[in-house]
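Heads up, there are several structures right after this.
In what comes next, subunit A is part of two complexes: it sits with subunit B in the first one and with subunit C in the second one.
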Partner chain A sequence: MLKSMSVVREAIDADVGDEPDGAMAESEARQAASGRKVLPIVEGLVLLAALIAPLVLQDYLTVFATRVIILALFALSFDLVWGYAGIMSFGQALFFGSAGYGVALLARDLDITNIFLVLPAGTIIGLTFALLLGGFLLLGRHPSSVIFVALGTLTGSYAADRLARGWYYLGGQNGIPSISPMTLGGYEFSEGPVFYYLTLGILVVVYLLCRFLVRSQFGLALAGLRENEQRIAFFGYKAQHLKAIVFAVGGTIAGLAGSLYAFHEGFVWPNMVGVVVSTQVVLYVLFGGSGTLIGAVIGTVIIEGVSFWLSDNYRDIWPIILGVLLLLVILFRPLGLISFVLAERERVGSFGAKPKENEKEKRNAAS
Partner chain B sequence: MPLLEAAGITKIFGKLTALDGAALTVGENEFHGLIGPNGSGKSTLMKCIAGAEVPTQGKVSFVNADITAFTPTERARAGMSLKFQITSVLPTLTLYDNILLALQAQSSLFDLVFSRTRGFLHDQVMTMLTQFRLADRAFDAAATLSHGQQQWLEIAMALAGKPRLLLLDEPTGGMSLEERRVTGELLQPIKNHCSLVIVEHDLDFIRDICDRLTVLDQGKVLASGTVSEIQANKSVQEIYLRRA
Partner chain C sequence: MANAFVAAFEILSFGAIIVLIVLGLGIIASMMGIFNFAQGEFVLLGAYITYLAYSHGLPIWAGMVAAPFAVGALGFVLEGLIIRRFYAAPIVAMLGTYALGLIIRESVRGLIGGFYLTVPEPIGGSIDIGTVHISTWRFIIIVITLLVMGACYLLLSRTSFGLRVRATLENPALARASGISTPLIYGATFAFGAALAGLAGALIVPVFSLFADLGIRFLIQGFVAVMVGGVGSFIGPVAGAGVIGTLSAALPWVMAPVIADVLVFVLAIAFIKFRPQGLIAGKGV
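Showing the complex of A and B:
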């Protein structure tokens, strides 16, 4: 079945923009559209694995897994922005890191660590920076080029990194160490299973909200935007506005992830806003498969998991092995690991509820 | 007042002058053909009108407003619609979604996010698909259509927003004779509510459906008038004889 899915995906890929290859392509596309859904199964399996992980992992691995879940939340933000709105943001860490610094300062200077204050604060910081940068880069009268936006976001992230390194108030090169734990009343969230499940809960909620958004008619407009932005503009869509909205949502999620990260790790440092982490999140999403949401989560888990294992076993050369592995996947599976199991038609997906379509699909399947 | 008036349109790409003071006037509910030899500037003039290119000089007025500096989005919202020369349906989406995408372009963010448009617009989507003889393929991916059907789908998408002016760039390119005939039939009913500017190489097709013609040659207007006036025009006959 995996093989047949892959064949369908390649057949449809080959047809894009060309005259179709007659009945062959048609029957394959129908087969793919006929309701064999792989995505919910993959999502269910990932959730199941995440739910039981702390029960089977040793404590130090649960702490590691919590970090991975936070990074997966961060990766979701980039997948929305790149995978769904086609905005190449090379500065996603700007929102992640600035929220981290923001909540670290709240904890250090104002002694504010209540979860109901710090997480919304971090989220708002991410949103604000994304609105400012997105407004500048995306909301011109004419559409901005991918390169302009990529360089603009990269510059934003780089500048924030330099600022953090040079500013004594932000701790300079060392960042802000020893952040007090996040609290709820008298309870302190320290590393361990409780923090893990808190983070997982947040990831699941954010994931479902993103899923709702990209499967709505707004998601349909984004699908059109990805395939042909000019076409969408000629229909009368305000394409730049759609992009700026998604960019802001992405910044908000990155801000939430950054504030969780700051409290989980207990410190923030300049790399967190800089180019290194910005690049890392691009790799997570490309590796797992962009434009699927779950691909971002899988990519993060695998890259972080493999890095962890390699660095333990091949202390000196592990970055080289990891680099080669990433290159191989990007070379031979440009749509990411998820494309082994996911047909292109299902990746593009359907939008909104449509009972009439289901009837039609059943008829197609029966014929 | 005419619906569309483009005057003195000049477009220079580097050293190439694609249009040199070209003009076009289209009235309400008029089907206007834009013809001329290859490289005469037909597609460039269409793009200048639609906003895909900004003219180096000249003015485009639409419904009594100067739209020369409008973006494509603003032109679309003012009631202008374009079908590109190269088919640009969204191949991985279903026909239904392609049409809905075009229909919901001016819906509110709230209606889009909560998918209310699907309920509002379902009947309109099916009507458009039926009108363009594509209803039985509604839930197939657009990539599975024949070339001719993709062109029809695209015309349907261009008409979805109920434009007052539709710009069609070579709608029958690559079509069989039968498909051309059907295309002509599909376009006739829109005359009640929409004007049409059509660039086309098939002169028989254009003669059958158009009220007026403008002939371009080397970026300039050679002649403009009713179909019979143009047919009788000596210089037009010459450039077509020269081509032959």
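Showing the complex of A and C:
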């Protein structure tokens, strides 16, 4: 933790450009840039595996893989909020689930299933809820404590769960079953390779957008926020606004994932907005490695994959194993599994950097 | 009149249950700044131990007496092994205790299966006042809650152990410098908080029956109560628990239960937002 803090400080110092240890940061940044980068390799391998997966997997496994991809998209939203801005959102499922419920209602009551209508609708629902909750919890005259935000989001998610369970219009305990499939003109997206590549395409686009975001100057401010909020505030950034923006972006992505999930599974149920899914996404990201977008994806794939694999024989003890693994990761590998291959410096990234070659470096960072 | 009396009793008895559960949570949160996500599972363990005693033919009250000691001992061990590493980072502590809770909950689920197991009340029957009947056991829970509250208060305010605890709470560095073993105090306090949760679980299991998600139901209500009451003092969380428990039990009498359920949380979060220090600010007893 301390180490990463100093790294960001150096990065920030280098960005400001009047600190003596800029020279050190410069040499290290160059070293990192000189071909020892692991992150793009990992990302490339994951993408390659994802691309060929449906070709080698059986049909029912492709359906499962599609679900994993959607959950990875959801995990990405949490990683952005927690891994980059340091906001512990224990209620990320609120946006995921409310978007799912929203599109399910669109399909059930208004017969709207066109992909170009339902996905934006779900995304906007996620954004709206995130703006409302994030605005309320994060903004205001006094900065909110991290504990308050964590418990506030958790409570929001729990309250939504209770509401969904008790509200007859939303189907109560059973949720909304048999949602008609998403359509594009006359084509119906049913489970299978087409749906898989659709979600994969969306994941890749969102991933690249997130990657651009966290490697931009905005992302630098975020990293500073995560490591030392006070210092960022002293630099003149409006820390609360930055947080609210990231929270809203996270909610938007979660909403997109939620609407895809609703159509893929064909039903929505109260757990989807509740604490169970909220904590599940926390597990994915912590396990894979927070603060690296690819870590969220890898964590989702591993946890869901092992869970699927064990579900036949060891269904009962799997949650216990998961708890033990999580505890071990928190205690001994707080940066997640990805930290086995990824150096601390690369995780934080090299943005901003040298005053001399500021322009060139920025271009590198953006690409 | 009779109806109003029954309503008042229901509200009071639910409020007492929440207070009982929040006591331990509040003591741990105030003392160590940790929101213990495993607290709900300590409640569950207390309930499970009571059920074990009952199913092995022992008297139920024996299980109820054993539960707080067993859960407290477990709390002491867990604090020494794991929780201790989390003090510097409250968010990591939440995740770590969540993982612990997950392990305990799923282990218990594996042991009892997905069933709802009932444990009879050790003292059954009802107290009749004119035409009104109130459950004896619920009445006893109220009495025990009051006794436990009083005992906790006296322990913290009148004994030398309480003095050390308060010293550690207010200024750990100075407490250490004065020769108080703060790690031991932390361990003892955590164990004490866990024991209270175990006692709560043991007492409520005849009312709610035993199932794996018993603890979760109360956990979030407990957190909200602690925040509403104010972290840092003994009396704050108790007051918060009283308010939240009373509201949760009272509102369904005047509006649809679904809306009441959600409204309690919304009101509580809004209250905390505008008064972050809670009902009762400040440290101490």
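In the analysis below, the second predicted complex is superposed on the first by the 314 of 367 C-alpha atoms of A that agree within 3 Å, B and C clash if a C-alpha of one lies under 4 Å from a C-alpha of the other, contacts with A are read in each partner's own complex, and residues count from 1 in each chain.
Here is the rule we go by: a contact is a pair of C-beta atoms (placed from the backbone, for glycine too) under 8 Å apart; a residue touches a chain by one contact, two chains touch by 3 or more.
All values derive from a computational prediction rather than experimental measurement.
*Asks:* Quick check for you: in the superposed arrangement, does A:Asp312 touch first (subunit B), second (subunit C), both or neither?
*Replies:* neither
*Asks:* Does subunit B (first) or subunit C (second) touch A:Leu154, or do both, or does neither?
*Replies:* Only subunit C is touched by A:Leu154; subunit B is not.
*Asks:* For A:Asp111, decide between first (touching subunit B), second (touching subunit C), both and neither.
*Replies:* A:Asp111 sits against neither subunit B nor subunit C.
*Asks:* Identify the partner contact of A:His142: answer first if only subunit B is touched, second if only subunit C is, both if each is, neither if none is.
*Replies:* both
*Asks:* Tell me which partner A:Leu326 touches in the superposition: subunit B (first), subunit C (second), both or neither.
*Replies:* So A:Leu326 only meets subunit C here.
*Asks:* Jot down the residues of subunit A that show up as touching in both complexes, subunit B in one and subunit C in the other.
*Replies:* 142
*Asks:* Spell out the residues on subunit A that touch subunit B in their complex, using ranges where they run on.
*Replies:* Within the complex, subunit A touches subunit B at residues 12, 15-17, 19-20, 25-26, 29-30, 33, 141-142, 213, 216-218, 220-221, 223-224, 227-228, 230-239, 245, 344-345, 348, 350-354, 356-357, 360-361, 364.
*Asks:* Could you list, by residue number, the parts of subunit C that touch subunit A in their complex?
*Replies:* Checking each residue of subunit C against subunit A gives 35, 82, 85, 89-92, 94-96, 98-100, 102-103, 106-107, 109-110, 216, 220, 223-224, 227, 257-258, 261-262, 265-266, 268-269, 272-273, 276.
*Asks:* In the complex of these two chains, what residues of subunit A are touching subunit C?
*Replies:* That would be residues 1, 88, 90, 136-137, 140, 142, 144-148, 150-152, 154-156, 158-159, 162-163, 166-167, 275, 279, 282, 286, 316-317, 319-320, 322-324, 326-327, 330-331, 334 of subunit A.
*Asks:* Taking the touch rule as given, give the residues of subunit B at its contact with subunit A in the complex, in rising order.
*Replies:* Contact set of subunit B toward subunit A: 50, 52, 71-73, 76-77, 81-82, 84, 88, 90-94, 96-97, 100-102, 104-107, 109, 111-118, 122, 138-141, 143-147, 157, 160-161.
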